[in-house]
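Across the two complexes that follow, chain A remains constant while its partner is chain B and subsequently chain C.
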Partner chain A sequence: MTRTLRGTEVDPPPEKPPARTGRGARLRYRLGVARREPTLFLGIGLVLVLLYLVIAPLVSIISDGFAVHFGDDFKAGQPVGALTGYYLWRVFRSPVSTELFWQPLVNTLIVAVGVTAVALVLGGFAAFLLTRTDVKGRKALANALVVPYMLPSWTFALAWLALFKNGRSGGQVGLLQAWGVNTPDWLAYGAVPIVICLGLHYFPFVLLLFGNALRRLDAQLEDSARILGASRGTVLRRITLPLMLPSLSSSTLLVFGRILGTFGTPYILGLPVDFNLLSTSLFSAVRSGQQGVTAVLATVIVMIGVAMVLFDARLVRQTRRFVTVGAKGAMERTIALGRWAGLAATGAWTLFALSVVVPVATLALTTVTITPGVFSADNFTLAFWTAEHLPGAPGFPHGVLRGTELWSAAWNSVRIVGMAALICGLAGLLIGYVVVRADRSPIAKVLRQVSFLPYLVPGIAFAAAFLSLFAVQRGPIPALYGSIALLVVTLAVTHLPYSSRSGISAMTQLGREPEEAAQMAGARWLTRIRRVVVPIQRGPLITGIVLPFVSGIKELSIVIMLTTGGTQLLTTLSINLVDYAYAQMANAVILIIAVLSFTITYLTQRLTRTSLASGLGG
Partner chain B sequence: MASTAPTISLKGVTKSYGTGPLAVDNLDLVMPARSFTCLLGPSGCGKTTTLRMIAGLENLTDGTITIGDRIVDSVPDGVFVPPEKRGMGLVFQNYALWPHLTVRANVEFGLRIRKVAAAERRKVVDDALATMQIGWAADRYPSQLSGGQQQRVSLARMLAVKPEVLLLDEPLSNLDARLRLEMRAELKRLHEETGHTVVFVTHDQLEAMTMATHVAVMKDGVLQQLAAPLEVYHRPANTFVAEFVGSPPMNLIDTTTAIGAQACAYLRPAGDVATVGVRPEHVRVVTGPAPDDAFTFDATVKAVLPTGSSWTVSVLTGDTEIYLVSTEPVAARGGETLRCAVAAGSLHTFGKDGARLAGDNAMETEWAR
Partner chain C sequence: MPRSSIPVHRRWLTAFAGLALAVAACAPGPAETGAGAESAALPAPVIDRDIDLDKLVAAAKKEGSVTVYDSSGDIVEVAKAFTDKYGIPATGVKSDVGETQEKLTREYQSGNTTIDMALYESGPSLVGELLPQKVVYTYLPGDLIDDVPDANRNPLTVLSKAMVWVYNPSVFPEGCPVDNIWDVTTPEWSGKTLMQDPLGKPYLIEWFNQMASGYDKQLRAEYEENFGKPLDTSAESAAHEWVAGFAGNSPVLTSADDDVSAAVAAPNQTEPRLGFLSIAKFRDVKNKGYKMAVCDDMAPFVGFQYPKFGAIATRAAHPNAAKLFMHFVLTEEGISPEMHAGGISGNSAVPVSKNNPPGLDDWDAQLVSFDRTELLSDFRNIEPMQDHWRLSKG
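Let's look at the complex of A and B:
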């Protein structure tokens, strides 16, 4: 029966023939495909929107630095709008350049180095304890030690003031001063407290990065060295540390980068002694309406930020070659602490106490005491929370829970950050979808990179750039300053890298088969998205929304420049109260934010059964 | 049942992923109605890409695909029918069941899309699950099932919407050996019962040999041979096919070697032979006088590898290593000399370009009776 089927004997492939079909027909075919398969259009749309939202603000702010602004024409000696080097001169060479740029730059470097050192020591210590030793209560510790990262970064600064503030700036003094201990300026304000406060906030960052790397390290690599006769110390020095170098350098540079854009802490602790960082200097330039100077400062911050991330990427790429992640890497390999056990556990819990319990308790205490440090019954009051009228407090003459300020700020926070988070989560998943579906096409590659771009730019510089772009009407887009839209867009764009990264990884893990299976079953695009892709990705989608939400609720450096009286958020309300020197009420607001952020994070982890600390200990 | 099963024909189908060599190069391929065609080749040969292009999941760079009398892809004419409108069924290598739906909901999905009434839906799903003997798992989730069970569900899901063309992308490669054997029989039975046009992708030549009515061997995006399985086995179109199909593979002996030259001299072929080929089971160990009509040679035993049902022997003649498979016990030990014989009709000849030589009539005597 098979005799009729003669083998078709094929000649070896001839020289590649020129395309048999003309360009026009091929284009028509491609369009036919694209019409049925919106991935391509979606990808192009996303790339265009992202490019506009990332590149346009940066172009706008950079060009702001080279054009004479209204009101500066006399000083610059050039007409408004002319190309000028005046702002460069003002920032880098003029008599005020020291105050505007050089001193803040030096201060930023000092603080960044200090914070990085503190975070590395604390985080490294904690990571080692949690991953490599039998310290008691590892699971509890692993959860406890990431809590500081869930608090707004400047919680520590306010707590610090509540403890160490002296009479130099207005308002109430701290506990120590109230008890008659004179706190010197260097301890109350400036570099020292900023380094300590930010160090306490950022060490969990190192703990997570470094701890995960430690855990994934293949224990066999260390075992082989031991078998070859190396001592434990030699193994640590010659094998473990070199292999940990990438994660170490990564966490160093990331913390360093964060310091560049951090605002709350240096504002609260630095301002009283005129200790400026680049971020606070940028803020004062914005507030005093110096557009040109703002532009130059923001550009410098962007450049440092970009250099940082590129340097990190380069380091990681160079070292990745020898990082081995073995299959048995997750094997438990713990060092018995023996007689050091008690000391180690005490150390770890002390760290928790210092970074969470003490600041939160201090803040809570201040909100119910009239005069700091006096522990008599008549000195305690709930007035700062609930009083209908607070005498002698113009601008905020009632407890924080009274009146409309807190509630409208809370509502603004929830809806603005909520919208931004929703956009982020959905955009993240869509980006992941396009990247996976359009795999191998250039659009996927471009999209992957463009969605990562905002990561290069410190938030505060981004805010300045957005302000520069959207302060006036541009084409069809109206002036957005003071609008909710501006806040939503800025928050969404700055948080997008995290969402898109998680979206891409979730979609990559899923692959395209489930959707293709639905396609083969006859489902159209919208049906596939609605009935297959979104339901399967529900978990990652929720996480992709909640994480930006939590981070946005605590966000200060981005929103501080963009809020106006009408768009007050919880964080800016708290800072406003600091400005008014209403310490109790500022602290009350920050407590509310802390509780909110902690609760949401905790609930999400519970509901989605994921954990920030997962992979650490236990 | 699927009496309307169509012919699938590919004409000049080409796929390029931008840079690098073409994934599929100017492929002309006709799969007759109700045939079971295996696309066979090593990984990266373009077989899965070809299947995905037939499904519509991958676009063409050039060429035309016709299903029955319907053009579903034509670059010259700018025609593209999306996968969901092609009415085909596809089973994925990793099954691609939807984790958020139960087995029943998975199978039901396509029927819901087609707006089939609930009662009818229930009946069709039950039938499909029963056909695949997986009815007991209807209310479970895919993650609660083993690989083999998931495979049955994914087949049931494909069959529920009654496609005329079944596309199978290495569906057995994630199963263990025993299950694979069972599913091979199952798939063959399914095809014989329903008469779908089936396209099956595999890199496993045994799978292709046992199930297919047609085998298309591919290499580097180029079709090497399309023929019935036994034809591919006994009349390989070139040295690549000869070596890829069969295990252990065909012995290919260069005619510049001593033994190659002898074989060539024995055959006295018409063309210019570069390679002589012989399947291991056609090399016989002779103990008595050499048979007529056979090419004989002496060789030294390198190793004897008994498999239980047969004996694979590696022998050396000069520098050339030759494998033979014997169903009779081979008692020889390493270093001993064996006398081997190959029937004249069992010798294949290939030219310089690797292609089978036209005058070669290997195996006419044995299998093609």
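Let's look at the complex of A and C:
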């Protein structure tokens, strides 16, 4: 390579400062170094962009809560734009504050605690079976039990309605009611079904986090305690649980945080009995054009989210001294289940059936029946999938597979989420690169923290904040509302924490040598990234792209407020169909999303020979 | 992280919480001035006196397409008819009023417009927000204007629609089980009435407000007729009292009229129920074999008539196509897909639909008639009425 020689000749070695001092020379020297080793500058750039994308939306939405909006002047008794406490008063103190805020807050806490408990019990049980026992078919189970997480979260809610719906929400009743079983309101709508549905969706989260920690726990620690005479209960209480605390608290808070920002399930199951969470209350404020109230509610959700993570950080810091992976030899002990084996396996497979088979089969059944629960030949039809003309559904007058709506939504989903995932994956790797290479520099520390920030903000509140920031042109940054760029940016930022985590951990494992070798051969920075770093990190990079993609393709809470006529996604199409009471077609679209999400995950796992459940199945 | 960081966080949190509470304590003062932006005069409509339809068609064709939002799914068919006639691809999107309003406003503010035109069912927010903010404007094609009565011009009424009380005639073969609107506030009908959630449907709140401003006397008289004693209430109006009684009687609230009609009138329904829904749902009598009839002897009225307005986005990406579409829906050809189940065009030259549901023959006598002079005051009363509904709901 000729360029190599030239490169080594021209660029001064960074160790030797130039003889001539003076500002210009120093700057030129620094730039020269930066060109070949731009880690620091890259880091600064990333930090600035991320700070803008995370902090500016929050500032924008918080300030929205304190200024009188158009049309509210006579309510607030102040002119438009004036500083006001009216929205705070309305949300926290007014006669309707109970409906707008306090009741939804209580409901959110109830649901969050309930879902966390269900997810912990189910996930903990599954993790224990898969990592600590000789239950049959561990590998198959491990793969099967993460499937619920690949389904859009409100799949369960729609399936629940298809089964349990009663007269309380109008329309046709569900299967049970059609067969003469009366389903009480508390079972059909509100807290109970929301907790169950979300619990079934989120337990794989706990299974993965908790399972991995449990697997790494050295069984010798427990054995020692037993030898010293501790009872099983004491071992569990004094040894196992404390060691599990970090992963336990992380999974708890992860689930808890997700609940704060989740929208689909509470929207579908809460509306008939007027059971609002903060997320649905926020959404109805957006839809009724109450920007001030929206801002206050979003701010509260963000504050709760931040408080949770700070709490988690404290908890984890206190327990960090316990290291579960030591340098000493560790032992894994599997408990022989003996006569419990059959029961345990049945339990685990039942869980799979309840969380995957039943909802999917129910939804599939509804899409081919005209009146739910009637099993006569003339009640079965493929019309909702393929009919050229569907009478009685003027807003969507043909089967879902006909017309352009489904296909353009699917194309939008793939395109928008794909771009976001790509950005996420690359940004994650770059962040990892800077954090690892510029280790010890303050930029690395800041970057690590900042890339984690979006994690603090529940999805729906983030969407509201982005909506507020990018509604109009601000300085050089154009108004993004209505463009696909807004969706791409929002999805990328909200999913960044996952990619940057994987980027950082991947880069930690890559030493400097391969890159230095390339540098010696004269490769510039971009070439090194393109030809050395990316190829070596191909696996983690693909994971860093696929995980956000799978999560984004079934994302609703974040995109529900941001889509417009031209940017309809599969998920928003489905929820629109729910709103218009076209239940069969809504369910059909959900099935399509589920199949898409499942297929992509499965294919990637095959291609990259990785597995979400890897390691769990022994 | 330095050890002092947590107290700093906490200090900030405390400070913020303190500030928030302090400000929250300030309830709004009385609105004395009332000189807000929303009371600015309604912008005059744009009247296209020298309209040349051929030129408009040519200009529209050049723009290539048009997107129209409407809360009724019939818009899909209207758009198809438009495309068939002019060869310009048109997209009709069914969208709730609140969603349409939010998207129109945001698209206007951002300048990235996808919605060219809207058929819009919330008069108060049109007059109180969208028109004065110049998000949309009212366009009147000159060749049709003589047939559009003055009262329909600003804002432009494209179509008058009706919401009515309905029952299932196979469950109640004797006719509608109630003859008085106060009946639905009695325990007998607790949990058996259905309508869309008024908090999501501005035109239901509008109905309450129009009853409050124009129908106080009738409501009081019917109350006395029904219960044998005069209405004694501290509520603002008889309508407020009715709303409170109805909201507190656990009505089933839905997100779509289809859920109301299915629960009342689907072929497999046997439950005694009453629904309040748009007459558009009468199409399902034919399409899906629904058993549905208007409660035609309900006093003082069997429902509410309300206008569907038409407005073009000020920053429409296809302004001429939007104008042409507006022209189209003001003709019989264009609006008839929306009149399958009745309706009265804003253009008096378009004959009254023959498809009005049986029992609904005289709109003016049977329905709460729409008083457009109240629009601005209704706009101010949206939130108070929503709050009244919220607080009355048990």
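By our rule, the second predicted complex is superposed on the first by the 572 of 618 C-alpha atoms of A that agree within 3 Å, B and C clash if a C-alpha of one lies under 4 Å from a C-alpha of the other, contacts with A are read in each partner's own complex, and residues count from 1 in each chain.
Here is the rule we go by: contacts are C-beta pairs under 8 Å (C-beta built on N, C-alpha and C of every residue); 3 or more make two chains touch, one makes a residue touch a chain.
Treat the numbers as computed from the prediction; the structure is a model and nothing was measured.
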Looking at the overlay, what does A:S408 touch: chain B (first), chain C (second), both, or neither? neither
Quick one: is A:Q220 in contact with chain B, with chain C, with both, or with neither? Answer first, second, both or neither.
neither
Note to self: According to the stated criteria, A:E37 is in contact with first (chain B), second (chain C), both, or neither; which is it?
What the structure shows: first
Discussion item. Contact-wise, after the overlay, does A:V472 reach chain B, chain C, both or neither (first, second, both, neither)?
Written reply: second
Task: Name the contact category of A:E516: first (chain B only), second (chain C only), both, or neither.
output: first
Chosen between chain B and chain C, the partner touching more chain A residues is C
- Thinking of the overlay built on chain A, is A:Q103 touched by chain B (first), by chain C (second), by both, or by neither? neither
Check: chain A residues flagged as touching chain B and also chain C none
Residue set of chain A touching chain C in the complex reads 66, 70-71, 73-80, 84-86, 88-89, 91-96, 99, 167-172, 271-272, 274, 284, 286-289, 307, 310, 314, 371, 374, 391-397, 467, 470-473, 479-483, 564-566, 578-582
In the complex, the residues of chain C that touch chain A are 6, 9, 13, 20-21, 23-34, 36-39, 67, 69, 72-77, 91, 93-94, 96, 98-99, 101-103, 105-107, 109-115, 125, 128-129, 133, 191, 194, 197, 199-200, 252-260, 262-263, 266-268, 271, 283-284, 287-288, 379-380, 383, 386-387, 390-391, 393
Residue positions on chain A within touch of chain B in the complex are 2-3, 5-13, 16-17, 19-21, 25-26, 28-33, 36-37, 440, 442, 511, 513-514, 516-524, 527, 531-532, 535-536, 538
In the complex, the residues of chain B that touch chain A are 12, 17-18, 22, 25-26, 55, 57, 59-62, 74-80, 82-85, 87-90, 92, 94, 96-100, 109-110, 113-114, 154, 157-158, 161, 214, 222-228, 230-232, 235-238, 353-356, 368
